[in-house]
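The same chain A turns up in both complexes below, where it pairs with chain B and then with chain C.
Take a look at the complex of A and B:
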């Protein structure tokens, strides 16, 4: 168990609703859910996930900490915002799901190897390096995340698409060396380090 | 007429050689004809998109977006921040609203921004380019420069998610927005008005991580356009455009279908209708050739 996770368990015990309310982005909204299920019926990836937002919210209230934080459900969010606009109580459901995903990732209890969790990690590390996303390096990092031979297989399966995009000048092989970036990368990285420092101040000590 | 000035936030996918690079030339022609002056924000950075939340903390993401807002506030006073990318717009607008709403987050954000020599007061408004077209220009003025009405074209208006939710275009419904169909008609084409996949999600970033699930969404979006007799799909979203266009070949391979439905941007339609050629409209950047639009462009 990660150190942060141990501290959270020690601090909140069985009161998972309190933990979510205080620690998860927009988590204070969870207790407003009236269990109507409109979010569950609105999700484009609804058939594929373990628990709907409606279930996740009920599980939080019931103190099902492990089941919620290890669920793959939050990682199925496509950020389509259908649940947000349809919720009769105006809960920012998309944001809560993102917040839960981030929290589970930070405590390192989110499902290992979950493809969208991996994608999110690769994407973030890509963008903070230069301040802008390098699509070529991002795609390669995604394809090669499970090792070299799987990466080559992934690349071969995508070659028709990649060649089509290159021909259309929408994928530039030269991005592998350097590529687009912000001028003030130094300032951006200092600013992000400061943000982390501020958040660490507010975390469980 | 004096040009209207806006601080332009192109976003990562619109950079040269990136997946939506062909969006840019058509925006330039369209804006020029409509007296819109887009001034690129100096040294803008990534908004962290819809998938940044997994690894990036709330404050990190707010700070990234606040940097762009601060750059506009300091260097381009009085100009709205305008993006053609729904994800950029959404992240920036969410940030501006959140910071104005929660004083402690505004204070934390400014403490971090200081490290990059910036500060943000909260005065900049983040808008989508489509909002500028509808609210500041209007349908009549959008119609005025049309020299080649797109007659004989039937187009499925695919609005997608983030241009439409959670903010959307003022006065439009989340479930059945009409503006894209109106824009199609403004340039003289016929809108496939019964197109029921108008607001279906293409899978977004999950097209990478959950290809099977996303391709099922894309298949529905494309097949419905065929069912309604559309010649092509038009969209305001860069990620929708890329996902719905480029994965058709994958779907064909796996499902034995024969999908070759072109997917274009509204600005490409407008550029052709305003007399622009194929290159000006960025049509050389479409993987699936929109033949009927190319024919009109070369007339």
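Take a look at the complex of A and C:
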């Protein structure tokens, strides 16, 4: 269990609703859910989730901390915003889902190897280096995330597309060394550091 | 009264003149209808037309007028001549608007109009101007039984309207349940916080009102009489009796809470399980501070179980309506004193009518948790309770530990004696059963009004023991004229609804007393001055009228003749329909007024292919539906002749046999829905009609007629589309059956 997670458990005990209210971005909305189920019915990915937003909210209220934080549901959200549009209580459901995902990630209890989570992590690590997404490195990192031999297989299956992209000058193999940057990498990194500092203030001390 | 002088007025406005041969109608009124005076007018309901009628009444001394124009339900303001008897021939809604367009239908259309004029003239000659009930009284004060929120409101509102009130309360103080509450569910914007009940303020205002006399520690020992002359005996706890007389009564006896000991599976009877009333007592004791249990422990976690013993066939099958909001309010008691207290409401359906949604939201803001689920078992656990429930969202069993469990039990009406049970033991007691006599006196001991009516000592119950008469048509009204119920004795409700209800009931009671003092009927024939007359010399003492009167208006005198309490009568005519020797009549509605209409029409012979069908339509629902069909220009068969009746219960079987004897091919009776969900304005009129007609089948067979020639139909006031279909289908059925063999013998 991560240190942060231990601290949270010590602080909130069984009162997971309070924890979500205070620690999760937009989490204060959860208690306003009236369990009508419109979000669950509106979600285009509904059948593919472990728990619908309605169930996630109910689980939070029922104090099912581990089940919620380890659920893959928040990670399956495609941000289509159907639920927000339709929620009769005007809950920012999509945002709450992202907030929960972020919180689970920070506590390091989110499901390991969950594809969306992995993709997001790779994307983020790629982005913060130069302030720009290096598409070549990003693709390679995604292909090789499940090991070397799987990476080669992925590469081979995509080679026709890669060659096509190169021919059309949409993919530069030279990007593998360094790659182009944004104008002020230092500035971007300072900005991110500041954001992290603000974020840390909300964390459990 | 002066000599009868008749006059007929035939209108040719609203297209009547274009589609009908008005001079021919005038001729019929004169020759066949034998009207002394016949006038045509192009626009009878305008000022000039009305003035013409007024002039005739004044100068020509006309005493009876027949208006052949629109439906009797239309233009009632213009055609209001209170000094003369009046009939109306419905040529507009009943003929030109419903008979198919086109010259090929001219003949049947004219025949229909001719017949309606004949019928109105025939009826007119038998009708008298109602003189009003001569036995009227002048008592206009009210008695309100019950000093809770409903009773106090009814008393206060009536007194504010200028009527004297006698308020009777069994307990030693006013206030009822409301007085026992810590706070009440909010009734003012922003509907977010529990509010003061206001019960003690209202009690103070009621107590000091100059027009209200409060009797505490008092019950009603006897109620006799009728609207305008109720004679009441009030019994004080000390045993002394006081006699008072009142014009009308409001019964606001409220409810009792359902006994939680009947809910052992939900922990009823355990130490730390209470109902709403129990929690109010705890909250009142804490006086705004942290709520403590009976053993003095401060409550840190509480679970509310909704629908405890409610919406459950084993307990109360209905929803009491207020409990969701009440639990929300009580959860707030905890949250307001200490936001750290865990409050969970386990509900099946959260029902917060009115502005309750705002209140619900406010509770969610305060951190009250709502769990959709069903509790299966509540048991003692350590120093508290364990609630086992099925979470209906997660579809999983769940457990909550709590210091206190609150059961949201329902309202059981305090409506006194169950009249059905009373009837049963009365019959058995008459048979000599000692046990039944014992049961009867036990029943009598719980009676609230102790009515001396032949139908039993209390107000009849509609459903689940609630003393109501009809859900839709007349709120407050009971099946005992002049006695109105208000508040949770009528149906489950909260304080806000009860206060509105009480205000309404007070106004209805005032109306009843006022109408009685003028010798007029109460709703739905409000203002009707006619009342039942009985020719006692013809009476065979069969008691059908006394038994069948839905309002207990008819008693028996010492010689066992019917004795009418006219003020209790609602003028439905059920007694008239019941009377086998036809001695009961109203001045403007009798066996004769309808019978002569039936006989007045011209029956074409069996070779003409023109069947004639008599339609007896209830004036409350079916007749307006037929008018509405006309208004929407829905076409139906021109072979029907429609006569409005006060209620199907007033249909005397002689009309049916007369009609069939005179050659009608069939009789349609249109009444209201019967059974448990009845919509009959007079409770069981259509049911009685159905019952009586079921007995007529043998007579028809004896006459060589198919039993289908007499049929009853249920028509609601909104059935304007359906009613035309019913008529057309029935006419088609009769055409297939062929003409009545009775034709030509009439």
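Observations, loosely collected:
We take it that the second predicted complex is superposed on the first by the 194 of 205 C-alpha atoms of A that agree within 3 Å, B and C clash if a C-alpha of one lies under 4 Å from a C-alpha of the other, contacts with A are read in each partner's own complex, and residues count from 1 in each chain.
We adopt the following convention: contacts are C-beta pairs under 8 Å (C-beta built on N, C-alpha and C of every residue); 3 or more make two chains touch, one makes a residue touch a chain.
The structure presented is a predicted model; accordingly, all values stated were derived computationally and were not measured.
Partners chain B and chain C fit side by side in the overlay (superposition on chain A).
When both complexes are overlaid on chain A, the residue A:133 reaches chain B alone and has no touch with chain C.
In the superposition on chain A, no contact is made by A:39 with either chain B or chain C. In the superposed model, A:17 makes contact with chain C only, not with chain B. Judged by the number of chain A residues each one touches, B leads among chain B and chain C.
Once the two complexes are laid over each other on the shared chain, residue contacts for A:55 go to chain C alone; chain B is not touched. By the touch criterion defined above, A:109 lies against neither chain B nor chain C after alignment on the C-alpha atoms of chain A. By the document's definition of touching, neither partner reaches A:68: not chain B, not chain C. Contact with chain B, but none with chain C, is seen for A:198 once the two complexes are overlaid on the shared chain. With both structures placed on the common chain, the touch criterion links A:120 to chain B but leaves chain C unconnected.
Contacts of A:31 after superposition: chain C is touched, whereas chain B is not reached. With the two structures overlaid on their shared chain A, chain B and chain C come no closer than 20 Å at the level of C-alpha atoms.
Taken together, the two structures place no residue of chain A in contact with chain B in one case and with chain C in the other.
Listed in rising order, the residues of chain C touching chain A in the complex are 342, 350, 360-361, 364-365, 367, 369-372, 391, 393-394, 398. For chain B in complex with chain A, the touching residues are 12-13, 15-22, 43-46, 48-60, 62-64, 67, 108, 111-117, 161-162, 165-166, 168, 174, 200-201, 203-206, 208-210, 213-214, 217, 242, 246-247, 249-250, 284-287.
Note for the complex: chain A touches chain C at residues 15, 17-18, 31-32, 34-35, 54-55, 58-59, 61-62, 64, 89.
The part of chain A that touches chain B in the complex is made up of residues 25, 44-45, 48, 75-76, 78-82, 84-86, 94, 98-99, 101-102, 105-106, 115-121, 123-125, 127-128, 131-133, 135, 139, 142, 160-161, 164-165, 167-172, 174-175, 180, 182-184, 187-188, 190-196, 198-199.
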